[in-house]
Amino acid sequence: MDRARLRQLLEQVERGELDVAAALERLSALPFHASASATLDTHRELRTGFPEAVYAAGKTPQQVAEAAAALACAHDRVLITRAAPDHYAAVRALLPAAAYRQPARCIIWRNGAATAPSGSVCVIAAGTSDLPVADEAAVTAEMLDAAVVRVTDVGVAGLHRLLSRLEALRKADALVVCAGMEGALPSAVGGLVSAPVIAVPTSVGYGASYGGLAALLAMLNSCAPGVAVVNIDNGFGAGLIAARIARAAAR
Amino acid sequence: MDRARLRQLLEQVERGELDVAAALERLSALPFHASASATLDTHRELRTGFPEAVYAAGKTPQQVAEAAAALACAHDRVLITRAAPDHYAAVRALLPAAAYRQPARCIIWRNGAATAPSGSVCVIAAGTSDLPVADEAAVTAEMLDAAVVRVTDVGVAGLHRLLSRLEALRKADALVVCAGMEGALPSAVGGLVSAPVIAVPTSVGYGASYGGLAALLAMLNSCAPGVAVVNIDNGFGAGLIAARIARAAAR
Amino acid sequence: MDRARLRQLLEQVERGELDVAAALERLSALPFHASASATLDTHRELRTGFPEAVYAAGKTPQQVAEAAAALACAHDRVLITRAAPDHYAAVRALLPAAAYRQPARCIIWRNGAATAPSGSVCVIAAGTSDLPVADEAAVTAEMLDAAVVRVTDVGVAGLHRLLSRLEALRKADALVVCAGMEGALPSAVGGLVSAPVIAVPTSVGYGASYGGLAALLAMLNSCAPGVAVVNIDNGFGAGLIAARIARAAAR
Amino acid sequence: MDRARLRQLLEQVERGELDVAAALERLSALPFHASASATLDTHRELRTGFPEAVYAAGKTPQQVAEAAAALACAHDRVLITRAAPDHYAAVRALLPAAAYRQPARCIIWRNGAATAPSGSVCVIAAGTSDLPVADEAAVTAEMLDAAVVRVTDVGVAGLHRLLSRLEALRKADALVVCAGMEGALPSAVGGLVSAPVIAVPTSVGYGASYGGLAALLAMLNSCAPGVAVVNIDNGFGAGLIAARIARAAAR
Amino acid sequence: MDRARLRQLLEQVERGELDVAAALERLSALPFHASASATLDTHRELRTGFPEAVYAAGKTPQQVAEAAAALACAHDRVLITRAAPDHYAAVRALLPAAAYRQPARCIIWRNGAATAPSGSVCVIAAGTSDLPVADEAAVTAEMLDAAVVRVTDVGVAGLHRLLSRLEALRKADALVVCAGMEGALPSAVGGLVSAPVIAVPTSVGYGASYGGLAALLAMLNSCAPGVAVVNIDNGFGAGLIAARIARAAAR
Amino acid sequence: MDRARLRQLLEQVERGELDVAAALERLSALPFHASASATLDTHRELRTGFPEAVYAAGKTPQQVAEAAAALACAHDRVLITRAAPDHYAAVRALLPAAAYRQPARCIIWRNGAATAPSGSVCVIAAGTSDLPVADEAAVTAEMLDAAVVRVTDVGVAGLHRLLSRLEALRKADALVVCAGMEGALPSAVGGLVSAPVIAVPTSVGYGASYGGLAALLAMLNSCAPGVAVVNIDNGFGAGLIAARIARAAAR
Amino acid sequence: MDRARLRQLLEQVERGELDVAAALERLSALPFHASASATLDTHRELRTGFPEAVYAAGKTPQQVAEAAAALACAHDRVLITRAAPDHYAAVRALLPAAAYRQPARCIIWRNGAATAPSGSVCVIAAGTSDLPVADEAAVTAEMLDAAVVRVTDVGVAGLHRLLSRLEALRKADALVVCAGMEGALPSAVGGLVSAPVIAVPTSVGYGASYGGLAALLAMLNSCAPGVAVVNIDNGFGAGLIAARIARAAAR
Amino acid sequence: MDRARLRQLLEQVERGELDVAAALERLSALPFHASASATLDTHRELRTGFPEAVYAAGKTPQQVAEAAAALACAHDRVLITRAAPDHYAAVRALLPAAAYRQPARCIIWRNGAATAPSGSVCVIAAGTSDLPVADEAAVTAEMLDAAVVRVTDVGVAGLHRLLSRLEALRKADALVVCAGMEGALPSAVGGLVSAPVIAVPTSVGYGASYGGLAALLAMLNSCAPGVAVVNIDNGFGAGLIAARIARAAAR
C-alpha cells in the first residue's frame, strides 16, 4: 500500500466516506500480505520508497508469477530481475501488460502511464559483455522514474572512447559504472565527474578474475573519491540507489 | 581535434605545406589530445567538487605540512585524514588556524567562515570502537558543507537502541553506517529509510573478522536495497559521497 | 588394562610363565586397549544419543535404501538427509512406512508412534530461499522429539516482521536461525532472547556471498553473545544440537 | 500499535480531531514503534540473561575502569575479558573487590556471595597453549553460575589421555572444546558424549594454521554431530552459551 | 585503419588524388566503427600495434562472425581466440579464407601473403595438457609476424628433456613458458636464457592447484629474474607481448 | 664437461685448432651439457623407480589407449588413473590383459606374474565416501609390489572403530590415511604408530569443506609428528610414496 | 620410559631383582607424568618411536627448561625447537650437557654417546634464507640417529648447481627439500631420485609469496611423484619423518 | 666472470700469454665461487646477462657487504636492493665507490665509467607512494645500461595528467608501470602504446587492497593486451626485464 493510497484512505475516513470499522480492517492487514510461499512486505514501499522486487533466479515460473500478481494488487509497478523467458510466459498469463526487457533479463509491469522523469542517471558498461548487468541497472532506475542515458564499450584500454562521451557523463545526477576484468573504469569516471558514482563489478573475465573478485577489489580501492560499490553483478541494487540519488537531486 | 582543425590539416597536406610524415605523427595522437585540451582541466575541485585530501598515514609530519600549505594556497579549505598529533604540530606551524579533530584523526583548515549547511547526513556507528571511522566520515561531510547528525552504539544486537533513533535516521538526505564484526547494521538501517545508505566496514573485531573482511562481505550482500559500500575503514570516502548526495538533495 | 590385570601380568613374568618379549608386546598397546574395552561401546545411539543419519547426496538410491534398512533393524527411527525423489522411491520399497518431507529433502521412518515432545525448538528462516535448510533442521529436531515452531521470512531488512514474532522466539528452549546473503539475522535474534541460538549460514546469494562464506563469517563474528555456528547449509547439525539443548531443558 | 490504538486514531481522523498529514506520519512509523514500546526493554540482562561484558583489548585502563564501574551500579556482577594487568590496576582502584584471573586474562567482580552452581560445564584444552582461551571460557561460565571442570592437554595425537578422562566428559551438561592447529579434538569429543559441544578454534599454530583458520574449518566440518562453533579465540562466547545450556539442563 | 593505409590516404591527398572533403569523411569515422554489438576500436592497430582480437567464448557464432567481418574491412588480418567449431563455420561463411587452428582454438584470416618473419619467439609447454594455451600463444605470435619455435613436454620433473633443448631456448628473442600444476618451469628456463620470459600459468591440475592459482603464485615468485606473468590460460596475451619484444629485437 | 675435456679444449685454443669464438660458445653452455650427458638418462623408471602413470581425466579414450600401448612396449607394467569405463574399453582393445579396478577408477596391466610383495602398506579410509581415493592409493601401492591392507570407516567420531584395528596399523611399514571433512584422522593415527603416515585430504564434504581445503589445512597442521601430506584426492601420489618407503623397509 | 628401560624393568622382575609391587608402582605411573604446565606424554616414545619435542616459541625460558628437565628424566635424549638464546641459558642451567645448534635454533641434549647412524638423509636448502628451516630438519634427523648430508643453495634458477650434487642426492635413503618463493625445487629433485622426498615450504619471499603459501601450493601440485609435504617452516616434522624412513631402509 | 673477461682469457691462451694449466685453474673454479654464506653463482652473468643482485632485506650489514665484495671481484658492477642505511655503511667500507640511491633503497657499484645507453625505458609511478618501487625499477634498468625516463603521479583518477605525458610514453622501447590501490594504470597505459608494458603492483593502500593483492589481480586481468606482471613491489624484476627488452630493441 503506497503512501498515496494510504492518504486516500485517511481522507475517505476524514470525509466520512469510509467508516472506521472498514478502514481498520484494511489497515490491520497492512504490514503483511500472506502468500503461498512468503510473507511479502507490502509496507516496504511506504517505508523505503520502493516495493520489493522479485529475484527470479532459482524460482519456478509459477512461484514468480504468483509473487508478481500479489505485488500488483498492492502497488502500481512490479519489477522482476534475473528472469528467464519461461518466467515471463508465466507472469504474462497473470499480468498481460507485463513486458520483458533484454538484455536486462527483467520483467516489468506498470499500472497506468509512466510518471514524468525525476532526475537523470547515466549507466555505463565497460564492454559489451557487461551489458546485461548495466541494462538491469538501467531498467531498475527507469522503474523508479529516472531518465536514463546508456553509454557502452568505453573501457580504459581505449580512453578516447570514454573522453568522447564526457558531456553525457557530466550531465547525470548519478552514475552507474559496470565493469569486469580489472574493474578500472569507475576510477577513471570518478576522476571526471562530481556526481556520485555507483560501481558494479561484473563476473566478466576468466582465470584470475575469480568471477568478479578482481573487479570488486579494484573498485573498493578506487583512488577516485566519490565511488561506492555494490555486489558483483548487482545491477538492480546499483540502479535503485542511483535513482534515489537522482530523485533527491531533482526535487 | 575537431572537424575544422582536421580539415585544416588535410588542406595543409594538399597544399604541400605539411609533409606526410608530420601529418601522420599528428594524426596518430589524435583521439587523445583533442579531447584532453578541449575538455580536461587541471583543477580537480572544479571537475569533481572537492580538492584532494591528504592521507597522512605513512608520511612524515614535514611532508604533510608542506602538502597542506600548498593546498591552502589554492583552495579555501584543506582536509588531512589519518593524522597523528605530530602531523598536527607540523601543520599548525604553517597553518595556525588548523584544528585537530578527534576521534576522527583529521586536521581541518578553513579560510573564512563555514558555508551554510547544504543537505543533511546521518552518520551511524554500530559500536564505540567504530567511532574513529564514523567521525572521519562526519568531519569529511562537514567539510563539504553538510549538516551532520551522529548516532552511536546502535548495533543490531540491541534493536531497541536503533529503533529509538528512527526519526533522526528518516530525516537525513543520506546516511553513512559504520560497523565492524558481522557488519549487519546497514541491512537493518536500509530497511528503515528511503535515502541512500553508504556502508563502511570497519576493521573492528578479531579472529574470523579478518580485519573487516567479514563486515565487508556482509555489507556487499545486504538484503536491503539502497546500500552501497566503500573500502574498509574508509570513513573519508563515505563522508564525501554522502555529502555529495545531500548537496544534490538540498539544491 | 586395569591395575589387577597389570599385577597379574607382572606376576606371570616373575614366575617365568610369560617371557619378557611377550610382556613387552602387551604393555606397549596398554593405554588404548584398556580404555577401549572398558568404556567404549559399539552403539553410537547409546553413546551420543542419536543413530547415524544417512547423507544421501552422492549416493545411489540402492546404497541409501540398503543403509536405511540396516539402520531400521537396529533402531526405532531412521533419518535420511539431502534425499532426492528417487532415493525415496528406493527406500519406500524396503521401508513402506517411510515418509518424504519437503522442502527439507528428508526421508524419515519411525517404528511405532512418535514420543511425546521433549523441549521446544524455534526454527527461523530469513527468507523463502532458506526454507530447505531450515526445514531440514526442523525435521531433524522433530525426529529427536522436540516440539518445533517454524518462523519464516523475517530478514533484518524488515525488522517489524521479526519483532511481530517475538513471543514465539522467547518461548523456545533453543533456536535455529538460517540465513544466507549477509547472515545478519542471528545477531538480531541473539539480542532478543536468552536461550542458545544455533546459526546456520546458507548458500543463498550470489556474487560476493561466495556460496555462504559471507554469511558464515558474519555469524562467527556476531556481536550478540549466545550464538554458535554450524557448517554452511547444515540444517541437520543445527537441528540435532538444538534438540539436544531442548531435551536437557525439558528434563 | 495495537488494534485499540489504531481504532482510536481512525476515530480521531473521522471526528476531524487529527488531520490527515499527522495521521499519515504516525502510521508510517507504525510497525516499529508498536513492537518497540510494547515488547522491548532497555535492560539487556533481563532480556538475554547476562549483562554486557567489557572487551578490554584496545581500550585504555581508564575507559575499562569507567565502564566497569558503570556496570557495577546496575548489576550484581561484572566481567571484563582480554584484560592486561594495567587494566586490572585501574579497575581495582574503583572496584576494590575485583579479582584478576589468569591465564584467562579476565577481571571479575561480584556484589555478594556466588550463587549456587546451576548446571555443569566441562572445558577442555587440547594443549597448554590453548589454556588462555579455555580459561576465559571457564571463568565466563563460572560467572554465569555453572560448575566448571577443566581438562587439559588431551590432544588427538595421544588418544589415551582423552580416553582416561571419559567420565568427566560424560558428566557435563555442556562441553567447551578449545584446540588450535588441526582442530580435531571436538570431533573426537563429539563422538564420545551426548551433550552439546561448543568448539573454539584457537590461533595456536604456525604456517598453514593461518591464525586459527585451519582449526575453524576443521570444526565447522566436524563429522561428529552435536558440535557448534564460535569465533577464533572466543572463549567468552563459548563459555556463555555453554553456561546457558547447562542452566537450562539444571532447571 | 592501419598506419600504412593512413599514410596512403595522406599521400593521395598530397598528390591531389583525393580531395579534402572525401579524406575528411573517411578520417572522421576513424576512431569508431559502429557495429551491431559493439563500438570496435579500429584505431587500436595504429595506436598499439595490433587490431583488437575477438574473444569468442560466450559469444554466439553470429556475433563472432559479424565482428570478424567488420574487422576484416579495416585490417589485413583478423584473430579470433577461444573459438569452437561452430564459431568457425559461421566465420568461414563470411570470410572463406579464414582458417581454424588447433589445438589453439583460434580462427585466423589474412588478406594477402604473410609478411616476412620479424624476430623469433620460443613457445614452451610443460606438458601435453598445456598445449592449447601454448598453441594460442604461438598462433598469436605468428599473426604478429614472429617466427615461432614450439617446445613441448619439458617439465621440471625431467630436467634432461629441458636441457636437451637448450639451443632452441637460447636462440629466441623472447620466450613464452606455459605450465600448470606447480608452475616451476619458467624459473628453470629463466635461469638458462638472457631473453625475456613471459610465463603463462595454465589451469591444468586438480585439487590444490585451484584452477591455476598455484602455478600463478609460483610464477610471480620466480627466483629467476627476467620472468613476467600474464593471466591464467592467457596464451593470447603472452604471444602478443612476446611478438612485440621479438619485433623490437629484429628491427 | 670434466676437467680432462676442459684441458683438451684449452689446448686446442692454444694450438690454434679452435678459435676463440667457438671456444666461447662451448664454454658458455658448459655447466649443463656436462652434467646432462654424464649423469642424466632418458629412462624415468631407472631413475625414479616407476614408469610414468597415465592420468586419464580430460583425455579421450583413444589418447589414453595409445599412451598405454606405448608404455607397455617399454615397461612390464602400466597404471592408468582416473579412468572411466570408456577409457577401459579402448585400452582393453589394445591390451587385452588390462584390468579395471573399482572403486579406484584405475586400469592396470602387467606383463607376467606379479612380483613377490616387498614391504607392507596400510591404506585407511575415514569414511565410505573416501574409498575411491583410498583404493587408488592401494592399487598404486600394489602395482609397486607392496602388500596392502585396507582399513575402512574408522573416522575420529567413533574412536573405538579405529582402536579396534590397532594391530593392523602397527604392522605396516608405511600408512596412507584418506579423509575429507575435518581431516582429523591422520593426527589420531600418527599418535598411534611409529611408521611414516602419508595423509591424503579428499574432496568429500560440503559447505566450508571447500573441496578438501579444510582437510588439507588440518593435515598440514597435524599435531602428531610423522605425518606428511599430498594433494587433495591424490591417492596415486600417496600410494607411490608409501610403496617406496615400504620397499626400502623390506630390503 | 623408552622400550629399553621397559625391557630392563621386566627383566629385573623376571630375575627377581625387582618385586611386583615396586614394578607395579613404576608402571602405573607410566602413561602420564605430571608437570606444572602439562601432562607430558612420556609413553609416546614407546608408541611412536620418538619422545615429544618441546616447541619453545611462545614459551618462557623457565617453562622450556622445566619441560626439558622432566623429559630428560624419562628419556635418553631431548630436542627443543624454535629456541632463542635465553631459552638455551635456562635449559643449560638444569641440563649442563645441552648444546645449542645454529642456524637450526635447536637445543639438544643426550644422555651418553650418540648411537651409530641408522640410514641416511639428504637435507637440501634452495637458498641461504632457507637454512634455518633446513638445519632444523637436519638436527632433528640426527637426533633420530640418521646420517645427514646437507646441500645448500641449489635453487632451480641455477640448475647446474643442483646437477653437480646429483651423487649426494641419489645416495640418500630419504630427502628433505626446503624452498620458499616459488617452491619449485622438490619437483626438480623428485625427478632425479627414487627415494621419498619430503618437501618443506618456507616462509622466505615477499609480496605474493604470502608467507610460504605459494611454495606450499607448488609443492602439493608437484608433477614429480614421490613428493609429500609438511607445514610451512616445519623442518622438525620433515626431519622426523625422513629419519623414520631412513631407519626403516637401514634395518 | 663475464663474457668479456672469458674472451680475454681465451685470447691470452690463443696468443700463448697464458698457459693451459693456469687457464684451467681459473676456469675450473668458474661456475662456483665459495663464500661464507652462499655459493654465489658468478657464472650467471654469462648465462643470463646479469650478475645476481643481492637482496638485502633480512640480511645483516656484514653479510651484505661480504656478498657485495665477492661479486665485485668477478663483475664490473654490483646491485644491492632493499638496502637500509646501515647496509650502505658496511658496503662502502669495503667498496668506497659504492653509491646509495633513494628512494630506491638501492646500493650500486661500478668499476669504470658507465656504458653508453642501450635502449630506453619509461618508468611510471601512479602516485608518490609508489616511488620507492618505481625508483628501484629505474635504478635497476640504468644498471643494465638503459636510458630511463621517470613519469610520476599520473593515476587514472586524473587522466589529463597521463595524457599530457603521452609523448614520453610513446618514445620508450619498454615501459614499467607501478601502481597500488586499484592498479588500473597499466590498462590505461597499455591502450596508449605499442611497446611492452611491465606492470608492478605495489603494496600501497589499506583495507581491501590486501597488501597489493587488489592491484595484482587488476593487472593480471588487464583488458589492454601487451601487459605482463611481476610480483608485488618487485621493482627490481620489472626493471631488469624492461632493460632486456630495451637492449634488444636498441641492437
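Letters A, B, C, D, E, F, G and H name the chains as they come in the text, with residue numbers starting at 1 for each one.
FYI, a contact is a pair of C-beta atoms (placed from the backbone, for glycine too) under 8 Å apart; a residue touches a chain by one contact, two chains touch by 3 or more.
None of the values given here were measured: they were computed from a predicted structure.
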Those chains which touch subunit G and also touch subunit D: C, F
Type of subunit F:subunit G copy interface by residue overlap (half), same or different: same
Distance from subunit F to subunit C - Cα centre to Cα centre, in angstrom: 38
Distance from the mean Cα position of subunit D to that of subunit C, given in whole angstrom: 22
Sites on subunit C at which at least two other chains make contact: 31-32, 36, 40, 44, 127, 158-160, 163-164, 190-192, 207-209, 213, 216, 220-221, 224, 231-232
Pairwise chain contacts, counting only pairs that touch as defined: A-B, A-C, A-D, A-E, A-H, B-C, B-D, B-E, B-H, C-D, C-F, C-G, D-F, D-G, E-F, E-G, E-H, F-G, F-H, G-H
Interfacial residue positions of subunit B with respect to subunit D in the complex: 129, 158-160, 163-164, 166, 192, 206-209
Touch list for subunit A against partner subunit B, complex: 44, 47-50, 53, 159-160, 163-164, 166, 173, 190-196, 198, 216, 220-221, 224-232, 236-238, 240-241, 244-245, 248-249, 251
Residue ranges of subunit G touching subunit E (in the complex, touch as defined): 126-127, 155-159, 163, 181-184, 187-188, 190-192, 205, 207-210, 213-215, 217-224
Contacting residues of subunit C [partner subunit G, same complex]: 3, 6-7, 10-11, 13-14, 16, 19-20, 23-24, 27-28, 30-31
Residues on subunit A engaged by subunit C in the complex (per definition of touch): 31-32, 37-39, 41, 43-44, 57-58, 201, 203, 211-213, 216, 231-234
